[in-house]
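Listed after this line are the structures, all set down as structure tokens.
Shared chain: subunit A. Partners: subunit B in the first complex, subunit C in the second.
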Partner chain A sequence: MSKHDAEMIREISGVNPLKCMKCGKCSATCPAYDEMDIKPHQFVSYVLRGDIEALADSKSLWKCLSCFACIERCPRNVEPAKLIDAARQAVIRQRGNEADLSPDEIPALLDEKTPQQLLVSAFRRYRR
Partner chain B sequence: MKYSYYPGCTLRTKAKELDTYARKSAEALGFTLEEVENWQCCGGVYPLGTDEVATKLSSVRALRDAKEKGQALVTLCSACHHVLKRVNDDMKNVPKVRDAANLYMGEEEPYMGETEVLHFLEVLRDKIGFEELAKKVVNPLTGKKIGAYYGCLLLRPGQILGFDDPENPTIIEDFIRAIGAEPVSYAMRNECCGGYISLRDGEKAQNMCDAIMENAAGFGAEMLLTACPLCMYNLNKSDKLPVYYFTELLAEALGVKEAE
Partner chain C sequence: MQRIGVFVCHCGSNIAATVDVKRVVETVKKEQGVVHAEDYPYMCSEAGQALIAAAIKEKNLGGIVVCSCSPRMHEATFRKAAERAGLNPYMVEIANIREHCSWIHKDMEEATEKAVILARAAIAKVHLNSHLQPGESLVTKRALVIGGGIAGIQTALDIAEAGYEVDIVEKTPSIGGRMSQLDKTFPTLDCSACILTPKMVDAAAHEKINLYTYSEVESVSGFVGNFSVDIRKKARFVDMNKCTGCGLCQEKCPSKKAKSEFNRGLNTRSAIYTPFAQAIPNVPVIDTESCVKMKTGKCGLCEKVCQAGAIDYSQKDEIITEKYGAIVVATGFDTINLDQYGEYAYNESPDVITSLELERVMNAAGPTKGHLERLSDGKAPKEIVFIQCVGSRCDDHRGKPYCSKICCMYTAKHAMLIRDKYPDVNVTVFYIDVRTPGKNFDEFYRRAVEEYGVNYIKGQVGKVVPQPDGSLLVQGSDLLDGKQIKMRADMVVLATAIEPEAGVRKIATMLTASIDTNNFLTEAHPKLRPVESPTAGVFLSGVCQGPKDIPETVSQAGAAAVKVIGLLAKDKLLTNPCTAESDTLLCNGCSVCQNVCPYGAIGYEDKEVNDHGIRETRRVAVVNSALCQGCGACTVACPSGAMDLKGFSNRQILAEVDAICR
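On to the complex of A and B.
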């Protein structure tokens, strides 16, 4: 990914990372914090610097739970989850059919109580 | 009173109880849920990207259908409620999404976000009233100590969903009081259950749910209430407390649980 992609991520997310005042509330409230290599508040800085390569490779893209805690609690309406989601979208759109979740994997992951909601949500998160 | 009703994918199969008890309770309370014809899955997750349009169309169709009937659109699943309300907000307030979606739909009259979207709990609170509900309870769940589990999708983002105070909600506690039981307030009631992560990382979801259950049990809860099939699935990975759909306890309190 390139500088051009940094612009794209700002555009898809609708987020202005310049508004961030680095209070760290997003990372403090994130239930996936421990598993993220790039933390939510750092995400904002990466986008600002245009270091999109690192974001595209980050496992944080797949660890965000879409719980919207950082969106609710951001005092400056930067809303890092929107940036994480835009980076995830950009990666998925580039990969196309090489997406992160294949339907062939699904049967082995099911149990008798697996709700459809889990499958549709996972497909929407892991691929287009 | 008739409402358009959007059950969503899971209420047909793995979360039938959530649906069945709601319909029975609605009749007992004097309103009818009229299922939207040919509804399609909402996708479970609201697409955050500002250029996402096609992924929102299934919601727009259901919203437009309700508008044509002049009815509010009621949902039960936390995720459907979340997605429908946010897409409706886009259609009302985000011209870029609204124009593109209407172009896809190709209808003569564009959809402008006119439909009122209500969670079933909001119908109970805002249309029926918890006091009125309490009067119709024939089988109060006296003495039961119940923890409300809100999770994420009912509450956040509060400004768009307008469901309740996202940090200090009271609607499920008020509901619990209305059916004669005792609500137990605990810190983690609006923490995430792990959501879709449980498909591939069941352990992570289980750890999160263990913490929620321990917290609720520590405050004296004997059971948890939820409105979300995925929360139900994840919470059940932890066996500390039993979990019920709020509609099941509602039907029990109204004396219609066993009714055909």
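On to the complex of A and C.
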């Protein structure tokens, strides 16, 4: 992982981490906070600094529930869950996928009301 | 063909660092009609102006072009200089080679080329300029203040003290505004009503001030010095001349279920009511929505008990038309609607309140008579959480992108007052930043921390969840300690963003005063003309222009008053001669120009014309030059090219375009 990946994460997520005013509302709102080593609000500054190696190795990547509460409540439209999701994607692209969930299993787990975005990010998470 | 002089300003290095001014001078010398060209470091200086005056006289110049900053800065300076040298001031053109050129370019070659082109366009225009003469209009020596809060009251008092008549139009039944709803004021903690009510009394008693309460501005026409305003005096159903303010009607009124606007809906009031005890005027109004008599025709108790016979159910709204020379907007603010902020449970729990609601709770005349208690069960709270920046600094669809400015200080005030009166109550404040610029402001906030033990936590709250036991779970960030905090609270107070009062957009439209995306009125210049609207004769006072606290509001109110006084002190105003005129031979009387004119300056008359030997009577547009503000909308709209704007004629503008494209 490199500086270049920080660019890629920004691009995939469409998030501008410079918009963050460090209010901490994402971390205040996060239900998986206790299980994360890098907290949602820190995630933003890691991307900003280009410290992607640490992010890629972080537990948080796979602990984020993709509940999108931080996206919903972020007052600056920074939306950390999008960053986390993009980081997952970057890691999977580079390191491959070791997960045991296969696409064939998905239809059985489907609920019509589940938003597609949630499915996609959950799929990334559980395929590890 | 004019004899034209061109003067190129260096503006120190502002222009000269990017534009080769010497080359501009040499190049423009070759332009047709240019008989003189020179450069100077500061053309706006006295020496620079003297240079221009000397050249006008010596070279017998018929028109000049000054290549300098924006005409908004120094057009007036150079016009006056030219006039002193005997040249008609409208023979001066400015080529803006600073804002439009040197400041926005880096490459000298390109910037110099552009500066020459801009100068060439201005030269082409001057050739077609004519000797315009400004007209005169009279000034009505009376001011209108829209809004009767502290901003409007102070502006009115200051104008009245200078000897001019002032009318205050206030939409609620009493003057006083938001300040009358506050309990104490920072940073001195004096009682808000104690310092406001004397001003309210002064305003009401002043022989030069006339109050129109329970009234709204209906329409505005005219222009600076000569506004004509229709004011709707809403029916009070109580005769202001007969009512003694005894209050018996309010006591006897059987309908007491209407939410009290003054107490932010936290308790109820009668259908016939004065908003608060010190209301001015102390004359109630009947709220037709909740009055039994109005709804069913039965009741009439207030009429029966009124010994003065002041109740009049047949009263109707009344429209008053009044003339004014100046209008001050002082419409104030409200807190934003919190429906979008479900995470704070404001609509779920009565124990989650806004700071303005807390003001009423803390106030002796409020719904709890000043006792700090939970609105759900009346119990005394032990743990209170304040949440800052609720809807402020929000760059999303839910809130406002700006800082509301007053919240940090009033929260410190609330926290301090609670800790002072109820030392066993814990107070926690979740903040993003504490912003306390202002005299004695930071000291005030530090006192809350150091002397009163208020617990400030850096971090925002993510959610407030009402618990089955009636308490509130607050989950927030402590960014400095790197923790997610989950705590129980008995009350949560939201420092809710403020926004301009809802009706301000309508008022701005009536006044043709510009307004920004947040509905704050725009200043004529953000630094140098902060209390004037870009629309001449319209002035700004208080929060309608941007968030501010009481001392700032009072200062700005005074500043607005000075500008009004300066205007009203004049007997006559020079009018802008750059007005529209219609060519009767081209006009076909289609009314398109009349429909687009924002000033109502265009009328029609039947005129006899001689069109190539054919004499006939035609309906043609006629511009009232006293009303025309020279905006040019009609010239663009006119399908037959009959409308033209003096000083900015179609020929002049095309000549500029041609010069640029040459």
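We take it that the second predicted complex is superposed on the first by the 97 of 128 C-alpha atoms of A that agree within 3 Å, B and C clash if a C-alpha of one lies under 4 Å from a C-alpha of the other, contacts with A are read in each partner's own complex, and residues count from 1 in each chain.
Methods note: a contact is a pair of C-beta atoms (placed from the backbone, for glycine too) under 8 Å apart; a residue touches a chain by one contact, two chains touch by 3 or more.
Treat the numbers as computed from the prediction; the structure is a model and nothing was measured.
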Exercise. On subunit A, which partner's contacts cover more residues, subunit B's or subunit C's?
Worked result: B
Exercise. A:Ala69 contacts which: subunit B (first), subunit C (second), both, neither?
Worked result: both
Exercise. Is A:His41 touching the first partner subunit B, the second partner subunit C, both, or neither of them?
Worked result: second
Exercise. Where does A:Gln94 make contact in the superposed view: on subunit B (first), on subunit C (second), on both, or on neither?
Worked result: neither
For this session: Please work out whether A:Lys82 is in contact with subunit B alone, subunit C alone, both, or neither, and reply first, second, both or neither.
Result: first
Exercise. Counting only touches as set out at the top, which of subunit B and subunit C does A:Tyr33 meet: first, second, both, neither?
Worked result: second
Problem set entry | subunit B versus subunit C as contact partner of A:Met21, first or second or both or neither | second
Exercise. Which subunit A residues lie in the overlap of the subunit B contact set and the subunit C contact set?
Worked result: 69
Exercise. Touching subunit A in the complex: which residues of subunit B?
Worked result: 8-10, 13-15, 41, 43-45, 47-52, 55, 77, 79, 152-153, 155-158, 166-167, 191-192, 194-200, 204, 208, 228-230, 232-233, 236
Exercise. Contact residues on subunit C for subunit A in the complex?
Worked result: 343, 389, 393-396, 398-399, 432, 458-463, 475-477, 479, 482, 484
Problem set entry | Residues of subunit A defined as touching subunit B within the complex | 11-14, 31-32, 35, 63, 65-69, 71-72, 81-82, 85-86, 89, 109, 113-122, 124-125
Seminar exercise, completed: subunit A contacts subunit C in the complex at 19, 21-30, 33-34, 39, 41, 69, 73-77
